[in-house]
Amino acid sequence: MNNRVLAYIVVAVGIAVFAILAATQGFAVTMGAFFTIGIFSFLYKDNPYYKFSEAVFVGISAGYWFVSLFWQNMVSKLYMGIQAAYNTTFVEHAGWDDRWMMLLGGLLGLFMLLRLFPKIGWLSRWSLAVIVGATAGLYFINYFVSNGIIQLGAIIAPLQSFTEAGKLDWWGTISQALLVAGTLSGVVYFYFSKEHTGAFGGVAKIGIWTLMLTFGASFGYTVMSRMSLLIGRMDYLVGTWLGLIR
Amino acid sequence: MTLIRRLYCILCLVSGVALLAASSPAQEADSVLIDTAGVEVTPAPAPPVNVGARDTPSDEGYSITVFWELSADDRPGEDFVTGYRILRAETPEGPFREVGFSSVGATSYTDASTEKKTDYYYRVETQADGASSSSPVIGPVQSTAQWFNFNLLNLLIIEGIICLAILYFIYSAKSGKKLFLRKIAGLEAVDEAIGRATEMGRPILFIPGIQDMDDVQTIAGITILGRIAKTIAQYDCRLHVPVSRSIVMTTARETVKEAYLSAGRPDAYSDDFVNYVTDEQFGYVAAVDGIMVREKPATCFYLGAFFAESLIMAETGHSIKAIQIAGTAMPAQLPFFVAACDYTLIGEELFAASAYLSNEPRQLGSLKGQDVGKVIAMVFILLPVIVLTLGAIFGWEFATRAGEFVRDWFRLIQM
Amino acid sequence: MNFWVRLMTIDRRIIFLFVVIAVTIPLFLNISQEIVVSTEVQTGFDAFSALQPGARVLVACDYDPPSSPELQPMAVATFRYCLDHDLKFIIIGLWPQGPQQANAAFETVLGYPISDTITYNGKTLIYGRDWVNLGFQAGNELVIQRMGSSIPAAFPRDYRGTPLEDLPLMQGVQNFNNIDFVMNISAGYPGVYEWVQFGVDRFGVRLVGGTTAVQAPLIYPYYGSGQLLGVLGGLKGAAEFEGLVGVSGKATQFMLSQSFAHVIVILFIIVGNVAYFVGGRKQKKT
Amino acid sequence: MKRQVPLAITAVVGIVYIFQYFVPHEPVSKFSDWFSDWFAIIQAFAIWLGALNLMKLSAIKVARRKRDWIYSLVTIISFAIIVIVGLFFSGGTDFQVRGTRFMYIYDNVYDPLSSTMFAILAFFVASASYRAFRARNKEATMLLLAAFFVMLGRVPVGDMISAFMPEGLRFSNVADWVMNIPNMAGQRAIMIGIALGIMSTSLRIILGIERTFVGGD
């Protein structure tokens, strides 16, 4: 009973506060702040305020994508594309237009929708097959080129580096050597068909250390990034909404 | 200016005029002007010689390469010549308009603004401050497309070798050859994790990343889901797969359904195992967090392409004391999975997982093939580095050249 | 239960509270601190400043509001620089919100809403002649690939539907050969990664990447291998860039909060470890 | 039939898309463009399935008055609102131009929500570093050290407190070194591994050895 009363009071007070702020600070920004705090409240614990914000978020964002995909892909790409192709071929008699290929996309898309009809739903597998096949084919080359080959090419360099004075730069040389060693041992760590024991295991060990240093570096950067976002949010609450900064 | 230089310039000038006489009348006019103006004004530089143009090889057919030999006045250390203008027209008579400019010492230019099946005529002008002189008009040239890009031959070879290695081991494995594979901790733990969920009577949460099916990591995640779902079906435990892409939802359902079928439990399958939430990264995470704190899954799998949400999930998962097995090829997210999850599949291990879990010879064979790829990679790193280093230490020309050849082999990848 | 053990199993909400304080207080303070410019930002800026007036800069904004605290300052500084040095810029986005973010950044520089003709430091700029916004194009990296063969094919119209041929700035822009410089500001996929893979590797664009700090370590290898001319990593990179461009924007202003936040996280790690070792040993005894 | 055809399609499409990279001649050179179009279109169709699924589950919750059904109702309503506004009251294809009702919702609801969800990370980063980043063993210690230097080296305060040290040992320089040597080595190792992993995964898929996604093995 008491809890219920308390809950009502809390809600009432909350509404009052937001109402006042909406009047003073503007409705739009207050609405933004309302949801901002709603999400933050999850940090304390799962609660109705968060559940509400979450529900709104899911609905709004799903709808957002639904609308975007409809106008951008369904209308602008497919419908307008076919229309343009029709013009070139049948109105201007300019022959084939690549945009006719969109029809194939439309067909594959329809196959997807056929899942709604269990009898012929298996046709959707054909669309999936195209997607998966094309993705496999594209990645097969592209990732390997940018992340395999070119990285290999970048490592290949003489170990020793020189200072402007032309003297041997010991530190630079050592670093370069470490770079090569680290990369190689890292690759060794991923080696599947040999137990990580003996000398081989030792190299693999160095490999995992290198990876750990890498992860550490990423972590450091990520902390930086995440904190920036929080700063941005706080700036929104304290500055943009409540106007407390300057 | 020395007398010789002066005479030389006049000579060039005359020859230039002679050449121009053959080419466009307009050019003749201004060169004559220079001529009458005589040696008082800046003398015209010698035109480039042996100018030629041909269709650029290995391309889509929208470019022509113009090449020439340096103007006699374009000598290192002299700043008399400022560069070369490349002019193009569709008839020998012109009008010629500039399509590009090459700096001093350059002997070719690729005009990447041509149309197919059109005749083009080029001439190249040597530029000197205030004066210029043109080569004769050359052409007609057409740009055409080729059926193979020879710049990528090396790529084709390297990929070919690795593929053959993988194929070889796939088929040797098929023929029953035993293959050793080291243990991968994260995958050893899968059964235990599922068992735990069964004992506790809590669901298992599987997140196949937040990318769509056009990302190979998602495909890898889904294939693993297929393996895991089979075990889950046998243990008869609850599976929940919230996804953030409709196509992934479709694929995941197909996969899980088949898994239950092959586990002999088609009756136990329901489409509700897999449900779509929203495409929006953080809307999705908000929902998944909600699911975690309310359904309290005993085991969470995060296998696929992850971004910022990785840590939100991993930390929430930890706060509900779930066993967490993660895997991704997103280096930025690995540290958090490594720190917050019980087991993490790092990069390549994610792609190996499905093969590893399948325990099917051909799949395992492909892993062996990958290892061959690694050996090749290591050799290709180590040898050239050593060679180059020695070359640099002892000043061995051939060593340096050999090393650089290999390096350029890797660098020479562009369209 | 002993103090260290309790410290080890501290309720994380207390940690959260510390974070809020560490981040919020500095927003009110006004302490200026010297910002050291790192090489990757410097080289990036050098590549930028090597451009002649009138050069065509492609500004690819691949991010949305959630990441704008880190990236918006970069966009602002970029546009400021372009305007100051009479560089023509072409805005595109592989993220739906990218082009709007760009417009917002542009307006921050101007201080008033954009119109077709704007004046900046006495200069008059005309939309279509001095800058264009080609808007968003779906298709991720494949859009970049298509731009390599034909930019008009990838972006037939600008963000308000004007055909490209009606935009003077886009005259004679066939593909990347006609673009002098690409500034990519990205929050993830598609982003710098894809620009390197397709733009640089396949079409040799001159690229500087501004990214969230998370992405930065990933793209360092590309900087090392010369595929990238420069890297602006997160708020710090943005602040350094602001310094070089000569603006004191949000990034510079937020640096103090940033420092505090890092310090507190490091303190957490240290305290956590101390508690772990001291408390850990005690635990075994009891 | 239902199984063989998809496998065949995958194989053919896959091989075609491997080779299109090497063929500059049209129409092959256009294949990847086409695929991007197709995929975009398929997405546009597929999201109907997703949306229907979301609505169905929410509706069931509401109908059966399951726990927290009220929130499912909220989801349905907010979805309906933005879809109606976006489809009918926001100027058709330029629904994303500033000032439309759609963008109003975007700016004042969607954006704050996602930005905040994103900002929540800051807290989890903090708690994770407190809880998980402990020098349990050599590996963890390595990770800690790298993180420590990068974090300090990337903010001005780092240079302030290390100002007394020789130039080379200032935190920012140490951080640079960590980024350029160990980090880069690790990144490269990971990339090379992934590249190989992707190659053999793609190969397995194209050969039809990996077929879980079209059902069964």
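In order of appearance the chains are A, B, C and D, and numbering begins at 1 in each one.
Heads up, the rule we're going with is that a contact is a pair of C-beta atoms (placed from the backbone, for glycine too) under 8 Å apart; a residue touches a chain by one contact, two chains touch by 3 or more.
In this text, all values refer to a predicted model and were calculated from it rather than measured experimentally.
Engineer: Using mean Cα positions as chain centres, tell me which chain lies farthest from chain A.
Structural biologist: B
Engineer: Between which chains do we find the greatest number of C-beta pairs in contact?
Structural biologist: A-D
Engineer: Centroid from C-alpha atoms only, then distance chain A to chain D, rounded to Å. What do you get?
Structural biologist: 3
Engineer: Can you compute the centre-to-centre distance for chain A and chain C, using the mean CA position of each chain? Integer Å is fine.
Structural biologist: It comes to 15 Å between the two C-alpha centres.
Engineer: Could you tell me the distance, in whole angstrom, between the mean C-alpha positions of chain B and chain C?
Structural biologist: 22
Engineer: If I count partner chains per residue in chain B, which residues reach a count of at least 2?
Structural biologist: 60, 155, 159, 214, 216, 219, 247, 250-251, 254, 276-280, 282-283, 286, 294, 308, 331-332, 334-336, 338-339, 346-349, 352, 367, 370, 374, 377, 413, 415
Engineer: What positions in chain C touch 2 or more of the other chains?
Structural biologist: Within chain C, the residues that touch at least two other chains are 12, 16, 19, 23, 66-68, 96, 136, 138, 149, 201, 213-214, 217-218, 221, 224, 233-234, 236, 258, 261-262, 265.
Engineer: In chain D, what residues contact two or more other chains?
Structural biologist: 21, 29, 32, 35, 37, 39-40, 42-43, 46-51, 54, 68, 96, 110-111, 113-115, 117-118, 120-123, 125, 127, 129, 131, 133, 143-144, 147-148, 151, 154-155, 179-180, 183-184, 187-188, 190-194, 196, 198-199, 201-203, 205, 213-215
Engineer: So in the complex, the part of chain A that touches chain D is made up of which residues?
Structural biologist: Listed in rising order, the residues of chain A that touch chain D are 28-29, 31-33, 35-36, 39-40, 42-43, 51-78, 81, 98, 101-102, 104-106, 108-110, 112-113, 115-116, 122, 125-134, 136-144, 147-148, 151-152, 154-155, 171, 175, 178-187, 189-190, 207-224, 226-227, 229-230, 232-233, 236.
Engineer: Okay, in this complex, where on chain D does chain C touch?
Structural biologist: Counting only chain D, the residues touching chain C are 29, 32-33, 35-37, 40, 94, 96-98, 111, 114-115, 117-118, 122-123, 125-127, 129-131, 133-136, 144, 147-148, 151-152, 154-160, 172, 176, 179-180, 183-184, 187-188, 191.
Engineer: Going by the contact rule at the top, pick out the chain A residues touching chain B in the complex.
Structural biologist: It comes out as residues 39, 42, 46, 50-51, 53-54, 57-58, 60-62, 64-65, 112, 115, 124-125, 128, 131-132, 134-136, 139-141, 143-145, 148-150, 152-153, 155-160, 180, 183-184, 187-188, 190-196, 211, 214-216, 218-219, 221-222, 226.
Engineer: Enumerate the contact residues on chain A facing chain C in the complex.
Structural biologist: It is residues 43-44, 68, 72-73, 77, 142-143, 145-146, 150-151, 153-154, 214, 217-218, 221-235, 238-239, 244-245 of chain A that touch chain C.
Engineer: In the complex formed with chain A, which residues of chain D make contact?
Structural biologist: 2, 5-7, 9-18, 20-21, 27, 30, 32, 34-35, 37-52, 54, 68, 71-72, 74-83, 86-87, 92-93, 95-96, 102, 104-123, 125, 129, 133, 138-140, 142-151, 154-155, 168, 175, 177-196, 198-199, 201-203, 205-206, 213-215
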